[in-house]
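Down below are the structures I want you to see.
Two complexes follow with subunit A in common, the first pairing it with subunit B and the second with subunit C.
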Partner chain A sequence: MADLKEQIIEQLNLQDVKPEDIGDDQPLFGDGLGLDSIDALELIVLLQQKYKVKLSNAEDGPKIFRSVRTIAEFIESTRIPNA
Partner chain B sequence: MYIRAASNISPQNTFGNQRFLSELAGYTGDGLTCIEPDYKALIDPKIIRRMSRIIKMGVAAGMDCLQQAGVNAPDAIITGTAYGCLEDTNTFLTKMVQQNEEALSPTAFIQSTHNTISAQIALLLQCHQYNNTFVNGGASFENALLDAMMLLYEGEAANVLVGGIDEITTNSHAILKRMGLYRREQVSNFDLLNTPGKGTMAGEGSAFFMLSREASDNDWAKIDGVSSFYKPRNTAEIKQQISIFLQSQNANIHEIDLVITGNNGDLKNDAVYEQLLKYDFANAPVINYKALCGEYPTSSAFATWLAAHEIKAGGCSFVPESDQTSLKKVLIYNHYQNIHHSLILLSAC
Partner chain C sequence: MKNQYYISAHCSISDNIVRYNNEVVFAGTENDIPGFFLSVYQHLGVKYPKFYKMDNLAKLGWLTAEVLLKDFDKAKYQPTDIGVVLTNANSSLDADKRYYDSMQEIASPALFVYTLPNIVIGEICIRHHFKGENAFYIFDRFNADFIASYVYNLLDIRQLNVCICGWVELLGDEYKAVLFLIEKDGVMPFKTENINKIYNPTQTLSEKEGF
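Moving on, here comes the complex of A and B:
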């Protein structure tokens, strides 16, 4: 999850934020890290580029991108069938 | 229209510094780059993270200008830029090629448009008023000024924020250098005009003005008129354009206290000014500004800021003391690549 946090910081150019500043279960949007809809698109691009994972159903977005942990779980879940 | 406030991020220490002339910045090479302020003190860090350099330069100068004028909600925001947000365009296009047109980052694409700066300022202010960007090469800033002038004179607006912005990027610099715009040899900006040759020094900048229909007690200067013309055939046509412009302003060349020209050290470029300097502008002190900011399509925004700054200061610090008069009227004559020519007349309030 530390790697994922670093990639999120780099992709979203989060200034003055270190991986340890982001809690595993901290909400990424709204009151948490304060990300917005453009960041959501950037996260989709990140998953596609780094993990070759595509979000097939846009309605799953809010659930998947709730926190770093939910993103990590989503990546893991999509890797199992290909393993 | 009255210049209520002005802000300028340039290769000189112009931002928030009224004494920039006493500490001029020197450059050696083939370009001058902006001295940028600490943006974190000016723009919300949450918003700044997505902004490329030109967007930060534009938004910071625009917001500073509004702050100086004490205006939170301008009636219009108008910008002029020839190249727009080049770095974002470069990032977007590079990724499109590298990633085979798949999984493209949206941020660079969204911000690659020419009107990003005026839009970002509007978003920050939640300003839903008139918002326009002119992309007309070397006449971009002049057309933005004209648009503001029409809005103010026709009563559509009382306060208009106008800016001229362009940036140099590594790629644009390399391409324009290959086209012969910039010097092949190393040159100092202070020697640029004394050592004429082929090419000039690249420049960039972001100058914003808060323009008002009504005078206030704190105005820097007044912009009386703006005129631009395209590809004049010869010097006679330029002289005619200057004469028509001054007549339309009820002014004549002998009333001009200072002329600011766009000489840039390039032989072909400066030949355009030669006859005018020898005869038409012979009786007025003449200064050049491109040794301070370099050459770029919206550099006349820097010249306008300089003229307003000198009028506000009450005299021109570039001119020898013996030639000093109080500045009542200042004429800016500039051309970019001998394609777009412009005249801007400013006067003291």
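Moving on, here comes the complex of A and C:
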């Protein structure tokens, strides 16, 4: 998850944030890290570029992008058939 | 009697120098625009993480407004009393080109949002909670006559009580921003001659058109 945090920081240009500042379960949006809707789109781009993962259902977005852990779990689940 | 409005403050950023009411408040030594803008941001000592996400045009407008408004008491006004009218020559072409380049792979949503010049106004209004009339106009070159007459009308019909207006231009390695704070009180009358003097204190427009 440390790599994923670094990639998120780079993709979203969070220059005041360090990987250790982001808790594994910390909410990424709202009162958590304070990301916005454009950041959500950039996260989708990140998943496509780095992990070749596409969101098939936009309604799953809030659940998948809730925290770094939920993103990591989503990426992992796409690597295991029928997971 | 015709109402009179005043330039209560002005700020310019060009050639690695930030001026507030003609006084140099910061001079950078960087050779690149992003590096210089970052130095100005750090010099101001504000914490505004969204700054890092802005394109260069928005950063230029945001920084110029930040210095322009450092002594402005916005509490005297309602948010809807304060508007922003900006102009430039190249619109958002700098971001447009970068966005076009990003389309070779996956187009960047973060770049896309800056492919309109009025996003500069949005960034300023979000930062300072302004909710008044705003507009961004494109001209071949700096047009003091237009700024003087358009902003005067907005103030005179009571659409606004305060207006931040001026020029925010950036394309490639060239940039220049000059912003004026226009209010009912002040010393320097808000008129074409004074706007031009501030925009170009040492040169005529024909010597350095656009920038």
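The rule we apply is simple: the second predicted complex is superposed on the first by the 81 of 83 C-alpha atoms of A that agree within 3 Å, B and C clash if a C-alpha of one lies under 4 Å from a C-alpha of the other, contacts with A are read in each partner's own complex, and residues count from 1 in each chain.
By definition in this document, a contact is a pair of C-beta atoms (placed from the backbone, for glycine too) under 8 Å apart; a residue touches a chain by one contact, two chains touch by 3 or more.
Worth saying up front: this structure is predicted, and the values here are computed from it rather than measured.
J.: Tell me the contact category for A:14 with respect to subunit B and subunit C: first, second, both or neither.
T.: Both partners.
J.: Is A:56 touching anything from subunit B or subunit C once the two structures are fitted on A? First, second, both or neither.
T.: Neither partner.
J.: Under the contact rule defined above, give the subunit A residues that sit at the interface with subunit B and also at the interface with subunit C.
T.: Shared contact residues on subunit A: 12-16, 34, 38, 41-42, 45, 48-49.
J.: Under the definition above, what is the set of subunit A residues touching subunit C in their complex?
T.: Subunit A residues touching subunit C: 12-17, 34, 38-39, 41-42, 45, 48-49.
J.: With touch defined as at the start, can you tell me which subunit B residues reach subunit A in the complex?
T.: Against subunit A, subunit B makes touches at 45-46, 48-50, 99, 102-107, 110.
J.: Which of the residues in subunit A come into contact with subunit B in the complex?
T.: My answer: residues 11-16, 34, 38, 41-42, 45, 48-49.
J.: Can you list the residues on subunit C that touch subunit A in the complex?
T.: Touch list, subunit C to subunit A: 47, 49, 52-53, 105-106, 108-110, 113.
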